[in-house]
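These notes open a run of structures that come right after.
After this come two complexes, each holding chain A, first together with chain B and then together with chain C.
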Partner chain A sequence: MRREGSALHGLGVVVLKELSDHLTSARMRVLEWLVVLTALAAVYAAITEIRQVTAQDPFLFLRLFTTAREPLPSFVGFLSFLVPLMAIGLGFDAVNSEHNRRTLSRILSQPIYRDALLFGKYLAGLATMSVSLTVLWLLLIGLGLIMLGVPPSGEEMARAFIFLLVTIAYAGVWLALAMLFSVLFRSAATAALVTLGIWLFLAVIWPSLSPALATALVPSGDQATTIITAQMLARLSPSTLFGEIVLAILHPTTRTLGPVYLDQLQGAVMGAPLPLSQSVLVAWPQIVGLIAASILLFVGGYIAFQRQEVRA
Partner chain B sequence: MSKPVIEAKGLTKRYGTATAVDGVSFSVGEGEIFGLLGPNGAGKTTTILMLLGLCDISGGEARVFGHNPAREPLAVKRQVGYMPDSVGFYDHLTATDNLYYTARLIGIPATERKQKIAEALARVRLSEVAEKRVGTFSHGMRQRLALAEIVMKDARVAILDEPTNGLDPQASLELLDLIRELKASGVSILLSSHLLDRVQSVCDRVALFNAGRIALMGTVGELGREVLGGGYAVEVEAQGGSDLARRFGAMPGVRSVSEAEPGRWRLVCESDLRADAAAQVVAAGGRLTQLSLDQPSLENIYTRYFQNAEVRHAA
Partner chain C sequence: MRYRSIALIGLLAALAAPTFASADTTRPDVKGLYLMTDYPAVTVQPGTTSTLNLNLRNYGLAPERLKLAVAGVPKGWTATLLGGGQPIAAAMPATDNSVALDLRLDVPKDAAIGSHTLTVSADGPNGAHVTLPLEVSLAKQLPAKLSLQPQLPELRGNSSSDFSYTMTIKNDSGKKLLVSLAADAPRNFDASFTEAYGTQQLTAVPVDAGKTKDIKLKVTPPSTVDAGHYPVTVHIAADGAKALAKVSLDITGQPKLDITGRQGLLSARATAGKQSVVPIEISNTGTAPAENIKLTSSAPDGWKVEFNPKTIDRIAPNQHKEVQALITPPDKAIAGDYATSLTASSRGETGDASFRVTVTTSTMWGIAGVGIIGAALLIMVGAVARFGRR
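Then we have the complex of A and B:
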């Protein structure tokens, strides 16, 4: 016998309520200012840098995103660091706070399924991230227009837009991870610490650990195999995937994200940019990987939540 | 008895090898207040969660308005109002906003929401603090707000888990009054509690839980008869009159008569026999000076029952 009624009944109500909570919360405001101020500092530094080296770069506008000026990292560098922080900040107490406030059983005794509550919380978090990231993106484009005085081409805008979508997907992964731990741990502090720990591990330690692991895993010592294995291992981290996508999308000259063999270079015009569709194709596995990671993590949280006891 | 709104047959919940609820059967009739009473950890909350479909049923069957809560939880939850043990609200929202969120989850049409919320808050006497944040509310006010939610929902059954738990005497009396009002408006009520004397006054029938089973079930009077052997004690003070002790002893329904001091008798009866006792005094030519009744208390019933049970276990 099937369950009666739609599993998503009441989803919209939950999304709107959570969204309004996020947008009015002090935590969100602090995170937003943190991101806006640091990102603007990065962009300002990038603009001053670009102005000094006005070269004949056909993708001058995209340099706004990727140019770094010591000691500040680039805008993209900042985002890859701060987006997870923001997403974790939104998600780490999504479910356990309902437990601790003892609202969960009251809400679930209303005619909705648990599915609607969990999915609504995820969508609201993702919507909040999308709003803040889109605003940030528009600010950046506006600043670029004013300070560089060069209008971006259509292709540059398209690439910048794809970058925005990818960043939102990247936020979705960390949000799903944070929500998974908010289901697993009853204490919000534990959930936050564990999620932050995993983030630090995946973003900072894992990329430098994977070559060492690869050397251990490839006994033959074959250089090409070792490099490929190291890259595969590194790609288990969403941060690596995000970095590779950014490289392919925002640097149109990127031809491949893996090692290049000599025969692949035959007939290639070095330094010539790829068309947009080809750049997307280069990064496609990574994009799918990011989305798949969020789905897997969300499903994990979903199963745990369905099996959980409601009582406090 | 009228048609049952809640029915449980052999309801069982197992956690691994431990059995939290073990073959519990009872039914709640329409317009009745049914009490699940027992110590903490006896399985009351688990039983309630199974009735709401918030917890899997390991064995047995539950029906709420003929719906199976495990398979049709939405149909059940649409008609049942639930007040959990130490209920919580979103502290940063006002009382009205909290109810507004629930109203939308329930699916109350937008045009009716405002009026229903205002009416419900008025019913539980929270109208003055409707626009205050729930973070400033006392425990008693939160409990009343939870009742307002049930009122707003137009629930036909209210399930209240430990409604008076942690309330001061004044607040719990107020809450019990509200529960009686709720019953008067035609709502059937299932409530659980470990505070026996508090809920005794509101319950029509009770089930005493012990270690996942129902030990005793019935009205307080019935339980009194069963466990205490005649739950009512009538005290008569009279002057004059001849042979009163024998006359009292001959009344139908009197279990025993004892003369506590000259001119004062204590009658243990199966029901309230004050009027009969008074008639006997007058018929014997005596003058009645005082007449009082001790009702059976759940506390006594409960303590006595488990004392007996322990004795039986020991034997």
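Then we have the complex of A and C:
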């Protein structure tokens, strides 16, 4: 039966209900505490390290995000690991739990379309992630202000804000992936396991696998081609994309993310920071990749959900 | 026997007596007072002070107080007798001894040329009286005691060259002199004396009697000096003798080129693969016009830097001209700052400046990215339209 009227009818109700479910769930609280505590530990370590080591840096505030102190990884390092975990935790049972609790047909008997249900679940998950990431971001900046005593410049704030948006987009990719598998698998445990498996594969194994794969794929053994192919393959992983964006946005002296020929560096003034717009332009393909990937993954989940039999 | 002995002694005594008498007569047979000088006739220059050395000598007379006086002093002259450095009026030479006296003569500048006789006299209380006539002639020019001869008195160069003059000092006076050196140069010119072959700076140099010595005068003009002719006067002086020599510097002007962006800006912006126009100013801060100025650049490989116009015919001193530099980074340039050096040269004189060019990349790919996201959204809208169902 064809839908009549807007696909978004009833979207607001679903978003609000899902959001309140997320924010009050015990799972969410555990994830939140995990993220907050580990991130704060990383930030505290970064601040003590900056105080001891950094002499002068026009982008001192951005060092809060990227400075690591052994044995802890940096704040960014923590986020690139924990944000997927949180997003998967929010999304792995989005649809199949409704199936299993036999509440899906009951919801759909209300004047709410399937479209609105899936959109609402996705947007609520994304909103939850946004809220917690924004709070974490504000916490970090407040701590930096108190403990460093140096006010951030306008450009630093702009870069930090872009970093926040990129982190939310990164969370969106994993959320869309988790929801895709929650549609495909009826069992929540299977969906969670598959999603976590893909995440581990893409985040840990794929970056080290891609050079080997590139060597196999490039028969001529041309070094430049091999490196470019390896980089292209590695960029299939959202983790790699996120890492590259962070490098371009939070390290303003980064001029390019690809391989550089020596003649392109001739006459270049090293260590000169790029203007913000140029940094964004350097990372723009990666940002586009993250956003487009989350849209396409969501569309995949949407199509699968629309074609599914919901009466069980 | 006893009488003979006495007679012998008497004979000996008689013989000895004339012997003693003849020993007495070997001393000069002069007796009395003498007033003496080595040179009783001298020539002096009007307007100077001269000192004559006198000697009052007593041969075989008892010491007595001798009153001294100078007679025949022309009007306006001052004649002072000095002994031991102070004016005296009487002297007392011991027996067979002498007293040194100086007669100081102050001859006024306007004294008439001619010859005068001054008489110095010494009178004792017992009628002793000696006189010494001194003939003093006046002459306008006396033979020089010092001379200074520059070997090359006129030198030519630009404001950044060194001007070195070698000079010969000749000492014609009868004694060794310590000659002090001074140069009277225009304001802000630096003048120093060194030995002819040496680096030590000097303010005085000793010259033996009758000998010559070479010295070198080095004049360094200030770098901002205008073209022109600058005289330098060298003075040397020693013991009242002095000499001077005139040398001169002929300074030719020199262009000096400075290159900078408009209002001193040394940075520019350019987009990769696109030509951008950077106005630059070329100014001549030198002292001569710069002609036929060529503009060149040393940019990284693949960059294209052109100038409009390519050459400048002439820039007068303290003038500037504006040209446009057309900078095109290559298509593949990575965003960021690059150093590019621009040079203006005019016959060996160059001025250069290092420009910092900030290269930005084209936003075309950014728009393409927005297109990709748009396409993804379109797919979603299409899916919603195609698969939407109750």
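Operating definition for what follows: the second predicted complex is superposed on the first by the 308 of 312 C-alpha atoms of A that agree within 3 Å, B and C clash if a C-alpha of one lies under 4 Å from a C-alpha of the other, contacts with A are read in each partner's own complex, and residues count from 1 in each chain.
Criterion: a contact is a pair of C-beta atoms (placed from the backbone, for glycine too) under 8 Å apart; a residue touches a chain by one contact, two chains touch by 3 or more.
Because the structure is predicted, anything quoted here is derived from the model rather than measured.
Three-chain overlay on chain A, with chain B and chain C fitting side by side and no clash.
In the superposition on chain A, contact of A:Tyr113 is made with both chain B and chain C.
Contacts of A:Gln306 after superposition: chain C is touched, whereas chain B is not reached. In the superposed model, A:Ile295 makes contact with chain C only, not with chain B.
Of the two partners chain B and chain C, more chain A residues are in touch with C. Of the two partner chains, chain B is the only one that A:Val13 touches; chain C does not reach it. In the superposed model, A:Val135 makes contact with neither chain B nor chain C.
In the superposed model, A:Pro285 lies in contact with chain C only, and not with chain B. Contacts of A:Gly267 after superposition on the shared chain: chain C is touched, whereas chain B is not. Superposition on chain A places chain B within reach of chain C only down to 5 Å, the least C-alpha distance between them.
The residues of chain A shared by its contacts with chain B and with chain C are 1, 3, 108, 113. Within the complex, the chain A residues that touch chain C are 1-3, 7, 108, 113-115, 255-256, 260, 263-269, 272, 274-275, 277-278, 281-282, 284-285, 287-288, 291-292, 295-296, 298-299, 302-303, 306-307.
Those residues of chain A that touch chain B in the complex are listed here as 1, 3-5, 9-10, 13-14, 17, 21, 101-103, 105-113, 309-312. Here chain B touches chain A in the complex through residues 45, 49, 52, 54-55, 71-75, 77-78, 80-92, 101-102, 104-107, 146, 149, going by the rule given at the top. Looking at the complex, you find that chain C touches chain A at residues 299-303, 332-340, 356, 358, 360-361, 363, 365-366, 369-370, 372-373, 375-377, 379-380, 383-384, 387-390.
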